[in-house]
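Pasting the structures in now, so scroll down.
Each of the next two complexes has chain A plus one other chain: chain B in the first, chain C in the second.
And then the complex of A and B:
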């Protein structure tokens, strides 16, 4: 009987063995970065870690167009245990809760977020390298990391760089700020709901992605297909991302997250934008370094050390300026996406759908001006002649042809023009959605923008035709 | 020590009964009271079966315990072995068969009302088509004032994971599956029906109170089964009409105004005219 009990215990213990704590999520370098020489790779990695951190320790880079989130207040009491602070009653002032439920739940795992303590008196004894420069402060603030935070008792436990309870240089009345709370909670939600398809780095290569025929979006180009923004605006607005998460993308594996509370979706949106910016920063660094310092350049170089010292010299003189410029570009580009004037909004209301309008739309669909049929096919089944041709690769110098027939998107996948007879519209089925698809195209795909070639009324005619296609009389002979 | 086995074997049925008795208080029971008239009848059937089973269970275990307890101290008499008693066998064949027959006949009304279309309550109107797909519920309503058609219409309204129905009267949905087998489950209304690709299954229910009810998938349909959740809003007639109108306005939004001519017009004009 003893033996049978020990067997039962062993079997019961089996699930515990499955947990492997060594597989903490980490950001991976992109395929392009891996083509760089080792020394350039190190710099890229270092720069990304400095600007963005790791999934476990996110870095707040205030220059970015991101709501990193912060809360705090004055210290009510230091202690009782080493490394703990009780935040005073004003603590909630910095919080922007949209619903009690979400805030309570989300603030539970702030582990790793930065804690900045600014002494009220000007008796600064310790300074930290990681402390942000703040010239106005009378003393240099001390920086720690959150171990845990209890919303009910406002008890904040902080740790130092080594993970031990911090030796606090703080006293009652000092100011304490927890930075990056929004991003941190966004990350928690992302890892839970999104990561298994979209990947830790937002590369669209999470564990479940391999089973999909339609690949999850790789955010690292900052490009999302279905946006409300104009063709010249490369990025999606926050609202676009919100809609996609809430409504899903019909016809793909992206499900609807309708039941997630709005504020949780907003946090995920912010984290996805941040991941996209991280990916773009990596691409910008690559674009700068890949011509001279790729793995290939190393193979062709006469002397490795010469190339490396050349690189070091260039890096030391230019990197600060370049990175500042890249960061600034990111900021401006993403700011653009959220400006009201970036959204495609027609001035003329939709032409009421009528046989005449539909006929005009069909005419345009088949015409040389709009040339919809060249990809979507004359019967709109997504089988136009372009799908069989060798086409220019998008995102490459003009004239770079694909080695396989078909239409390619920016991510290197073959894309099929939509079969418009099915009545499934990935980017939404409202007239305005289809108007925007035609006006500014589908970003990252060969679906181009017709906002300049077609007039508003013409686009509305095409919209009316497209919306009528699923209900066409199938016997009419075309 | 002789009493170890009687105690061991009696411990488990007692634990089971104690668990059952404290379960409702511990919230281990049903997901709330039944929120539909038919759900109440289904609960009643459940309780009837529970009582039958409980009486049988307690009876047999008291008998077993009694026999074990007595047997431990009985060192003198050798156990008596019986190889069959015709009367006893007749008894324990006919009694359970009778009970099963009773249950199967007694529940027929509820079963027919729930599953057989010709026995659906009078006035049951189809409000929406619900299509299950990995891993969401895609919902199609007819335009205000229209009937739900089997095939999509130009003025149909679409939404996802959010089923609105009027409360206080029987409504039905047409249940479909786009990819694999799913199961449409509203625990609080006691409604569960598999969704099978290639078939359209009518499912009726009646929410007796307004409110928000969970809609879950009750058939393991793939890796994302756990996230296949929706919600059912039971609303007043006017609230439901208002919702459909809002949905229609949203669906026809053109970025400028609400068009006077909605998608409904496309169907009315007839598309073949445009050829």
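And then the complex of A and C:
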């Protein structure tokens, strides 16, 4: 009997262990950030929290090139119950879910989203010509959260930070905006479908990642390998991400998510872009601070308090400017990625594949100009001489050689040049996909961009050759 | 007895499953209502106060200059060439054909001076007027080496990358605060690039085809920098007199000085001599 009681106790304790609340998803600081001194780390953490929040408490940073999800309009009526707003007739007409399931999905995405009420009078003041004198009198918009929304009656229930019905500072005619609903849905979908490989922070280190030989993408550099964008555009377009999620990456563990509806994939795309921006912001803050204010700098410093006050002074004078510049970088670069002119679209149509074109392509492949063979090998097995060289370990002092031969990517993994005889192409096997691989290179890898140096016709010849390789007659002495 | 244990165990085991499902934030489950969104108040940096100057105490007066030598405190190191003459496995007709490829990671002159060391103000001094250069010296590739091995670009100003070799190269640039690139460089190629941001430290660029090739680039937004010559000497002219903090970077050692203070005298050169032991360079 005693034994059974102890078993009961033991078993009863199990759920507590399993349900450790520390397992709630949270964004982790990067390895780089962890090398910062504590005081610099605090500021980086603070800045990331201010700009992006946490998985459970997302932050809408309106300047970013992200569709956070918003709807709204003017307030038709405040009330009847405390903390409720009826949104005006014309507004929010876009939110008319056609089914019960769609309604449930919509409500899920709205719950917790930010509600911004801008006082009609104060916004009129700021837009009027004589504003400067009254500037101080203008009240800032009030921010609340969505508790629920009734699509039929357009009744929005609003709560405050403590979860109680909000004491609204709003009246008829004020502007109301609901922000962040789709980012929340994107987050939910990401946590369900992507997180276990790509990690909560998008660091490519989810719980499953450790078992993979080919590592899941770490988004935090904003770099994705297979894009349609030009070499000079650092980021993928939304279409690129959509395509990768839908089709998967052949030859890797990245599966196809063809069964997800398009709108859900789009929401995941937006959340992945947002995670990438968060990572980039962290990286840029590190590029600025890690030199002077690392843990190493603390160890070397004569006086910790002097270094810290130096840091505080620099942070106080410069951080606003730096953060604005970094935010601007994110905005411009990600905007660039979605511009039509950023996409590699050859003006010359594909040269029809012919023995002549294939021969020209093969000649280029082996030539001193393109030197494809130096990595891909003369027989295109992905075993060129570059794969035999012992290279410096990334992120280590020069001369620190890796103990394994091979080329490294930007994430510190050894990458194999593609074996072109298998007919499996990670970025897609359409001729245009291979054209773009050659034109822009594969970002973050030693596969370089040939678009500025090879002519369109030459690239098409190489495409024709590459597509012919799996069918090459191996007996012919190639 | 056994029955009892089983009776207890099974529901309890179920609890484990159920309990965990509730506790971890299941995105599709009930916990979703606890998540929230808030709005960042926009990035309102406000006017940047250029007069507030905590880092550099600039006195008024005629500009001075900083001249100096960076010395290797030990016998001249004898680094083996990276590729012996005539032994290159890649492009042997061009690479290391006439001369061995030297190890440029530490170049010490006969006087003990260290070449290719960056000396620069880590932070753009405020309240000083200067003009950005109209054009920047290009980077070239000759005999499977990047020329020069060290160079300085300005943020926002275009620069040229060239290849004078008879074989193809590529330039794989991995800056920290800017977007990187990886461009193929066939013989005679010329590529124009620019960086938007400054870099706190010089960064390395490589060529995947010839793995020994590398060069180091600093990106600045002010003219107060220098790279030491073959004798380890440098000069930074037109410095406002007063206290300045310099950073000294050598590729093997990384930061020789994170922040070294120098008081520049008005109207004349201020001379320094900095000496570093072999251990700094991993020797």
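Note that the second predicted complex is superposed on the first by the 345 of 478 C-alpha atoms of A that agree within 3 Å, B and C clash if a C-alpha of one lies under 4 Å from a C-alpha of the other, contacts with A are read in each partner's own complex, and residues count from 1 in each chain.
Keep in mind that, in the parts below, a contact is a pair of C-beta atoms (placed from the backbone, for glycine too) under 8 Å apart; a residue touches a chain by one contact, two chains touch by 3 or more.
Quantities reported herein were computed from a predicted structural model and do not represent experimental measurements.
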Chain A residues touched - chain C or chain B, whichever exceeds: C
Chain B versus chain C as contact partner of A:431, first or second or both or neither: first
Partner chain in contact with A:345 - chain B first, chain C second, else both or neither: first
First (chain B), second (chain C), both or neither touched by A:232: second
First (chain B), second (chain C), both or neither touched by A:447: second
Touching partner for A:63 - first (chain B), second (chain C), both, neither: second
Touching partner for A:248 - first (chain B), second (chain C), both, neither: first
Doubly contacted residues of chain A, that is, touched by chain B and again by chain C: none
Chain A residues within the chain B interface of the complex: 193, 208, 211, 247-248, 250, 253, 255-256, 258-259, 344-350, 352-356, 358-359, 362, 423, 429-432, 435, 460, 464, 467-468, 470-473, 476, 478
Complex contacts: residues of chain B adjacent to chain A: 134-136, 138, 152-154, 158, 160-162, 223-224, 227-231, 250-257, 259-261, 263, 265-267, 269-275
List of chain C residues in touch with chain A within their complex: 1, 4-5, 8-9, 12-13, 15-16, 19-20, 22-25, 27-28, 32-40, 42-43, 45-46, 48-49, 52, 54-55, 89-91, 105, 122-123, 166-168, 170, 172, 174, 176-177, 179-187, 189, 191, 196-197, 199-201, 204, 208-209, 211, 214, 247, 251-255, 258-259, 282
Complex contacts: residues of chain A adjacent to chain C: 1, 4, 7-8, 11-12, 14-15, 18-21, 23-25, 50-51, 53, 55-63, 68, 108, 111-114, 116, 143, 145, 179-181, 183-184, 187-189, 191-192, 222-223, 231-232, 234, 283-284, 286-288, 290-292, 297, 300, 313-314, 317-318, 320-321, 323-325, 327, 329, 333, 367-371, 374-375, 385-386, 388-391, 397-399, 407, 410, 441, 443-450, 452-454
